[in-house]
Each structure stands twice: as C-alpha cells, then as structure tokens.
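Have a look at these structures, which come just after this line.
You will see two complexes here that share chain A, one where it goes with chain B and one where it goes with chain C.
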Partner chain A sequence: MTRRTIEIGMAASFAAFLIAVPWLIPALTDNFWVSVITEILIWSLFAASANLLFGYVGLLSFGQALYFGFGMYGVALGIDHFGLSFWPAFGLGIVAAMAMALLSGVFAVRLSWHYFAIITVVFSLIFYFLAVSMKPLTGGDDGINFSLPPVFRFGGAVWSLTDPTFQYFFVLAAVTVCFFLMYRVINSPLGKGFLAIRDNDLRASLIGLNVYVLRLIAFVMAGFLAGVSGALFAFFGRYASATYMFYQVSGEAVVWTIVGGAGTMFGPLVGTTLFIVIREIVSSHWEHHSLIVGLMAILVVIFAPKGIVGLWNGWMTRLGERDAAASVPPRLTLRADP
Partner chain B sequence: MRDTVLLLAMNGLIWGLIIALIALGLSVIFGLLDIINIAHGDFFMVGTVLAWFSLSVTGNFWIGFIVAPLIGFVIGAIIQRLVIQPIHGVAALSIVATFGLSLILQEIVRITFGATPRRMLAPIQGTIPLFGVDYEIYRLFAAVIAVVALAGFFLFLQHTKLGIWMRAVRHDRETAIAMGIPAQRVYVLTFGVGFALAAFGGAVAAPITTVDFRGGVDVLPFCFMAVIIGGLGNLPGTVAAAVLLSFLEGLIQSFADPTVARISSLVLMSAVLLLRPQGLFKGFTK
Partner chain C sequence: MSEPVLRTENLTRRFGGLTAVDNLSISLAGGRVHAIIGPNGAGKTTFFNLVSGLLGPDSGRVFFRGRDITGCKPHEISRMGIKRTLQVKSVFPELSVADNLWITRQARSRFLHPFRSAASDLQAKSDVERTLGQIGLTGLAGRPAGTLSYGDVAMLEIGMAVISEPSLLLLDEPTCGMSPAETSRAVAKIRDLARTIDIIIIEHDMDVVFGIANDITVLAQGAILASGTPAEIADDERVREAYLGRPEDEDFVEEAIHA
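So, the complex of A and B:
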C-alpha cells in the first residue's frame, strides 16, 4: 500500500463515518455521543482558528476566545435582544467577530511573537472583564439563555436545531465549509504568502510581500473561523456566557492545535477529538479527569513534538521511502576514481 | 475620600511587591530556559496552599515561609527534569507542557486541599495608624518581607556562584558551557528557584488573599504583563513594572469599581505594548 491509497481510504471512511453518525452512534452506544461529536466539530473549528494563525502564519494568539465570544454573543443578543431570526443572528455573530478581529488586528499584528501573544491576551481580557461587568446586557458569568428560532420554513414544514439529527448535519455542513475555505486559502498564492511569513518574515518582506497586510488578513480570517464556531456553539447550547471569553479557553485552542499537529489541516480536529473524548469518557467514571488530560498533554509534547498528525506524517513519509526503495531498482552510478 | 485613595494605593503597592516576586520567577525561567510557563500562577497557588497546610499541621504560621519555598524548589527541580528537559526549550511545546502541568497541579490541590476557597488568619493582628489611616500590620510586614526577598534574590544573582552561573548561561550558553559551567544543572536549579520564588510569594500573600485551587488563574496574566512591560530579560524592570501596575490599579480602584480599574490597567498595558514594545524601562538600566 502506498501512502496515497492509505490516506484516500482513511479520508473516505472518515467522511462515511461523519455522515453515518446520527444512525451509527445510537445503534452502538447512545444519543449522548451524537451531541459530543457535534461539540467536537464546533471546538475543532475554534482550534482551527488558532492553527491558521500559529501553524500557517507563525502568530501565537492567546486571544481567540474573544472572537469566539463575539460570535456567541452576536447570536445570543441578536435573538434575545433584537429579536432576529436564525440567519440574520448567525450573520450578526460572524460579522461582529470579524469586525472585532479587524479592529484588534490593526494593532496586534504590528507585534510579533511574545509581544503578539501578550497583546492578544490583553485584548481578550479587556473584553472578558467588560462582558463580566455589563451584567444586564451579557448576563456576566451566568450568561443569557435564548430559545431557538427555526432555521428554514417552507410552507408548513419547519427545520429547527431542536432536532438533534438536523442540528448535527447543520454543524457538520458549516464546519466542513469552513475547513474547505481554509484549505483553499492555504493552497492559494495568499496561503503561500502566509507560509513565507511564518518561515521568515524578514525574507518575506524583502521579496515584496506586505507582511502587515497579510498578517491582518490572516487575523481577520481566524476571527471568522472563531466567530463561526462561537455562533454555532451558541446555537448548540442555546446560550452565551462571558466565561467562554476567558484566556483559558483561548489557551485550550492552542493546546489542542499543537497536540494534534500545528500547521496541518487535520491537526486541530485530531487534538480536539482526543481531549474531548478523553474528558467525556473519564469524567463519567472519575471526578479528577483533569489529571489524565494534563498528563496526556505532557506525554504528547515529549513523545510527539510535531503533534499526532505530525507523527503520522513522519510514518507515512518513511513508508513512502521504503516503497520507493523497494520498487525502484538501485540506479547505477558512474563514479570516477579519485 | 483621601483615606480610601491612600488605603487602596497602599494595598496596590504591597500587592505589586508580591507580584514582583512571582513575576521575577517567571522572568528567570523564561530568560534562561525559553519556557513560556503557563503554570506559573499555579506555582504561586501551591505556595499559598503549602502555607495553609504548614499552619494547620504545625500551628505555626512562620514555618510556612521556609516550607513553601523549600518544597517549591524541590518540586520545581523535579518538574524540570521530568517535563521541561525533554522538550528542549521549544517555546510552543513549553506552552502545552506547562498547560498540562497547570491542570495537574490544580487537580492535585483540589484532591488534597479541597475545592472550597479558604481564608487564612494573619499571624499579626491589629492595625496601626499610618498617614491618618488605620492600616493592617500584616500587610506592612508582608511588604517588608517582599522587599527583603527581592533584595536577597538580586544579591544572590550578583554574588553567589550559582547566581553568577545563572547569569552566565543566560548571557551566552555556549561560552558558559565551554568555560565548564554545568548548564544542565543550572537549568534544574533555575526552574527550582523560579518555583520557589512564586511559592514564597504565595506564602506571604496567603493571609491577604484566599487560598483556592484556582488562585493562580488571575495572577498569571498579571505576571506576564509585568515581565513584558518591564522589558524581556530586564529583572529590575520586571519588579518596577509589577509595582507600578498594581499601584496604579489600586489608585484607580479608589474612584471606580475593581473591574473598571482592571480594564483601565489593561488598556494602559496595550498602549505600552504598542508604543514601547521593548519595555518601559529600556534605556534606564544598562
């Protein structure tokens, strides 16, 4: 088997699994896991926003929770406060997150590395404390609840996220679209510009790339991904809370990304899945599941410093080299005697 | 009005001195090992908990001042060997590893100490009149202890063999190794010292704040800001920034509620980061 067949096979079975989830999972265990998988999809998108910045542009953001929170509150306030229906509220969440990312990005992307990391934390803390103190509007730590408007209405038929299967497919579709968009961006000339900045920003600027503008574009795109995930999470939980804007939430996205494999498309998905599945399995048996999660994080960075997907890619490369060595007869080389 | 301003400004100043101790540990670890230590707030928290345990076991508060940094030092050295050394100073990995550490430390404290926050009684009760305000004696005492510890740490860096080694390895690792300095051992000791500083800060602060397994979460961003605003690698700058930030926050608190004070100090911080990313004090020290 070559690397390509293995990977195509895995991608196909993964896609088949995702489509079969609403029927497969209840048959195997119970409905609870469908909602866990829905949640994993949403959080992977959030981790992908940290990955876009760190893995592809080399900017370590500890503030992605800010845009997640704006996506969340955009939806919650849109429905609860302004009485919007489903799609306008969804749009409001995304636009709010992107506008916030643009506003803070204008300042933040001027800095790099540690300074960038710190200023993203500072910005997210400012709005976290604002959200906590503006209790009448945001509900503070307790958050605000809202009831879901229907997604589509055709004559008498109504589709709403209250149906778990519809909710699952809605989230799956939204997350897939976002991942596809990210994939297209990464493989476009723009994405090559991102990678050039990640590898060496001075060199990138010397070959004529506008580092500031490219970083700002990436930052707003990451804000979009975080905003969509926040909006989806608001729909999923039917509420929004300031606690999701705290810096620890941003930190989790970074950790999931690095554990899964930063700078890879599937890294955030793998990392997020690993942590949430462990949390769900262990926490039902043992109260102190954080111990396992902490230990996992440490073990992964020690034994797989490029993340789980990085480890896999390493295996695949070695497999490819072995195949190449086996199939191609050693070429004769002419060498002049010294 | 004048009394509240004075009181809160004093509180801020003293809290700033304690934060300075913790941030110094963070700065030393960062400067020498290139480790972004997400668990540093929890090192402080462990210090408060150790102080609480040593008080409840021995009945003597002061023993905590020795026990907390000592145990902190040992745990720090062990952590460096087991967790920090294998990741070879890769900053991105250090974030994940110390995030894991932070979870583990918090959970261990939650198992042993419990999830409910507790208050510790100050060993010195009573107040004394100071500029017309009745001020808690213990807080003044804590300030003195913090200043002594800060001075002691700088003397240690300047005048002991280990301190000189630490500065040498930080300055130029290759040359230091070539000169026969055991860099690996210096790393272990440095991490221990960093933990000990935070734990000592915790022991001093325990009667002022609450003892809680999540007590480090709020302290962590503050310490990072002090390190960055003071200028990366500028230890006196770190101390000055911590004191200044906390003092300002205390001052603002006297005419606005604590959240507004926190927000304004954060806004101030972003301005400093954007205008002087090299730190406030570059050019003032060598």
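So, the complex of A and C:
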C-alpha cells in the first residue's frame, strides 16, 4: 500500500464515520456519546485556533479562551438581552470575537515569543475578571442561560438544535466549513507567508513581507475560529459563562494542539478527541484525570515533539521512502499540503 | 555622473562604547559592482543593516536613488527593490527549497491571496523552476531547506536574491562556506546578475572580490580607509599593509585593526 491510498482510505472512513455517528453510536453504545462527539468537534475547532497561531505562524497564544468567551457571550447576550434570532446571534458572537482579537492583536503581535504569550494571558485575565465582576450583565461564574431560537423556519417546519441529530449535523457542518477555510488559507499565498514568518521572521521581513500585518491577520483569523467554536458551544450548552474565559481553557487548547501535532491540519482534532475521551471515561471513576493528561503531554513532548500526527507523518514518509520506486517524490510534511 | 544608486550622509551607529559605523559618507554609482572589504569588525555588516532597515542609525541619512529611506522598515525597503542576503545563511528551514523561492517571489507583491491555492499560480511555478535550474538545485526542490548542506543553502540564498528581482542587491559574504566549484558557479551567477542590477558585495575571498568588483571600498573601524578600482586598491600601500598582504590570515587582520 502506498501512502496516498492509506491516507485516502483513512479520510474516507473518517468522513463516513462522522456522517454515521447519530445512528452508529446509539446502536453500539449510549446516546450520550453523540453529544460527547459534538463537544469534541467544537473543542477541536477551538484547538485549531491555537494551532493556526502556534503551528503555522509561530505565535504561542495562551489567551484564545478570551475569543471563545466573546463568541459565547455574543450569542448568549444577543439572544437573551437583544432578543436576536439564531443567525444574527451567531454572527454577533463571531464578530465580537474577531473585533476583540483585532483590538488585542494590535498590541500583542508587536511582541514575539514569551512576551507575546504573556500579553495574551494578560488580556484574557483582564476580561475574565471583568466578566466575573459584571454579574448583572454576564452572570459571572454562574453564567447566563437562554432558550434556543430555531435555526430555520420553513413554512410550518422548524429545525432547532433541540433535536440532537440536527444539532450534531449543524455542528459538524460548521466545524467542517471552518477547517476547510483554514485548509484553503494554509495552502494559499497568504498561508505560505505565515509559514515563512514562523520559520524565520527576520528573513521574512527582508524579502518584503510585512510581518506585523500578517501576524495580525492570522491573529484575527484565529479569533474567528475561536469565536465560532465559542458560539457553537453556547448553542450546545444553551448558556455562556465567564469560567470559559479563564486561561486554563486557553492552556488546554495549546496542550491538545501540541499532543495532537502543532502545524498539522488534524493535530488539534486528534489531541482534543484523545483528551475528551479520556476525561469522559476516567472522570466518573477518578477525579484526578488531569494527571493522565499531564503525563501524556510530557511523554509526547519528549518522545514525539511533532505530536501524534507528526509521528504518523514520519511513519508515512518512511513508508514513502521505502516505496522509492514511486515516481512522485515523497511529501515531507502534512503541514502545507495535507 | 547620474544619480548614485546608494548614498549615505554622515552615517553613524554605535553599540555601547563601540562605534561600528563612524560618520560614513559613501556614494555608489549605478551600473557597477561594488565590493566592500575590510577586517572583521570594520562595520561592513552594520552598514548593510543600516541600509536594509534592520538597524536605525544614531545619526546620518541613507538615500536610495535619491530617495531618503532613513528609518523605513525592512519590508518597506525590500519592496523598494533593495534585497539582501545575510552573513549567517538564513532561509526558511522547514519550507521546501521550492517554497523558499516561491514565497520570496510572492513577497514582492503587496497582496497575498488568502484563499486561492498557492500551487495554482503557474507563472510563479515556472519562475521557481527556472531559478532552481539556474542555481542547480532542481534535484533538491522538495527537500526542506534546513536539511541542505551549507553550500547549497548559500546557493539557495542567491536564488532567493535572483527571484526577488531586486534593483539593488546587497550580498553579505555570498560564497562563505562554498566549495571551490560552488564558488565559481556563484561568481558566474553574480556576474550575470550584475548586467541588469546594481550589486554591493561584502566578501573576504579576494579572488572573488577581484574577479567581480568594478569598485572597491575598504572600511576599517567604521570609516573609509580607501576606495577605488581594484587596481588602485591593490596598489594602495595602506590597504596592502593592513589587509591584502595575507588575506587568509584572520589573526593578521585582527592585528591590522589595532595597528
């Protein structure tokens, strides 16, 4: 088997699995796992926003929860305070997250490496404490609950996320669209500019790339991904809470991304799946499930610095080299050309 | 004489107590290859850093074709057509050799399309392929640049300079680390480039300098020691004493600074 057939086969079976989830999972196990998979999809999009910055532009952000929170509150306040219907509330969440990313990005992307990481934490902490203290508006730690407006109304028929199957497919569609957009960006001229900056920002500026502007664009794009995931999570949980703006949430996205494989398209999905499945299985028996997370993160960083997907790519590359007879040169990384 | 391609007025840059570039006024005419030579620490690379915007001067101004570029950002200066290579070879290590050239070519334009496939730009693709052929790296096009030998990286740097279509090219020790065969290939390429673009080259290899340069400026301690044609420089007693006598002997060069 060549690398290409393995990859196509895996992609096809993965897609088939995702489409079959609402029927397959109840037949095999509990309905509960459909909602876990929905949650995994949402969080993997959140991890993808950390990955876009860290894996493709070289910016380690510990503040993505801020934009997740803005997505959440945009939806919740849009529905609860302003009485918006589904789509305008969704839009408000995304726009709020991107606007916040633009505002903080203007300051943050001037800095590099640890200074950048610190300022992203600071921004997220400021707004976390603001959200906690502005209880009348945000509900603080308790959050605000809202009732779901319908997604579509067509004649007499109404589609709403209260139907778990519809909710699953809605989330799957939204996450797929976002991953597809990210794939397009990464393989575009802009994406190559991102990679150049990640690799060597000094050289990038000498060939004429405006490093500041490109980093800012990436930061707002990451804000978009985090905002969509936050908005989806608000719809999924029917509430928004300041707890999700805490930097621990941001840190989880970074850990999931690194374990899954930073700078790979599917690394965040793999990492998120792994950790949420572990959490769901272990947490009912043992409250210290985060110890497993920590141990795994350490093992991966030591033994597979490019993450699980990076490890896989390494095997695939070796497989490709073994089939050296193949006329096409082996693709060396999944990074730019998954 | 027409407008000089590059001119500096009283350019000064200090690092703490050290004056790396000292009140340097230099005027370089277009259509010629200029070599800047001088012992280590003479301020050659600092001069390039000042011109390309990586450093700002403490005082003085830089003019590119009559336009004051003092204080412009590196990417702005790059887009005006001044491209440079770095002394410590510097490419995009995790990008393939072809992608290194591709993004360098693309960075000329202000706009990087966010959604179109990069692979679909056929003009860029053929430019990259032609440049790969010119620098002899076609066979390594798919390799990550970080895995190349030092000489190949140096060749790739020249390729990146070529594909960026500069109007003024600053080469900082381009043949450093190259094998003799690679050096002669690079020299041929630089001569070829010099027919259409202005080149300023910092080089320690005197065979390369005298093989390429039309004019030579000798720097020492941040100031001009001598300047002229290669023949004039070779005959200049001070330069001879300070520098050319034993060009391979770095220790001697060090002594020359303190002489």
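Heads up, the rule we're going with is that the second predicted complex is superposed on the first by the 324 of 338 C-alpha atoms of A that agree within 3 Å, B and C clash if a C-alpha of one lies under 4 Å from a C-alpha of the other, contacts with A are read in each partner's own complex, and residues count from 1 in each chain.
To be clear about the criterion, a contact is a pair of C-beta atoms (placed from the backbone, for glycine too) under 8 Å apart; a residue touches a chain by one contact, two chains touch by 3 or more.
This structure is a prediction, so every number in the text was calculated from the model and none was measured.
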item: Contacts of A:Arg203 with chain B and chain C, given as first, second, both or neither; value: second
item: Chain B versus chain C as contact partner of A:His285, first or second or both or neither; value: neither
item: Chain B versus chain C as contact partner of A:His114, first or second or both or neither; value: first
item: Partner chain in contact with A:Val211 - chain B first, chain C second, else both or neither; value: second
item: Touched partner set for A:Gln248, first chain B, second chain C, both or neither; value: first
item: First (chain B), second (chain C), both or neither touched by A:Lys192; value: second
item: Chain B versus chain C as contact partner of A:Met296, first or second or both or neither; value: first
item: Where chain A meets both chain C and chain B, residue numbers; value: none
item: Interfacial residue positions of chain A with respect to chain C in the complex; value: 181, 184-185, 187-193, 195-196, 198-200, 202-211, 214, 217, 329-333, 335-336
item: Touch list for chain C against partner chain A, complex; value: 52, 54, 73-75, 78-79, 83-84, 86, 90-96, 99, 102-104, 106-108, 112-119, 121, 142-144, 160, 164
item: Chain B - residues contacting chain A, complex; value: 36, 38, 83, 86-87, 90, 92-93, 95-97, 99-104, 106-108, 110-111, 217, 221, 224-225, 228, 232, 257, 259-260, 262-263, 266-267, 269-270, 273-274, 277
item: Chain A to chain B touching residues, read off their complex; value: 54, 60, 107, 110-111, 114-115, 117-119, 121-123, 125-126, 129-130, 132-133, 247-248, 251, 254-255, 258-259, 262, 288, 290-291, 293-298, 300-302, 305
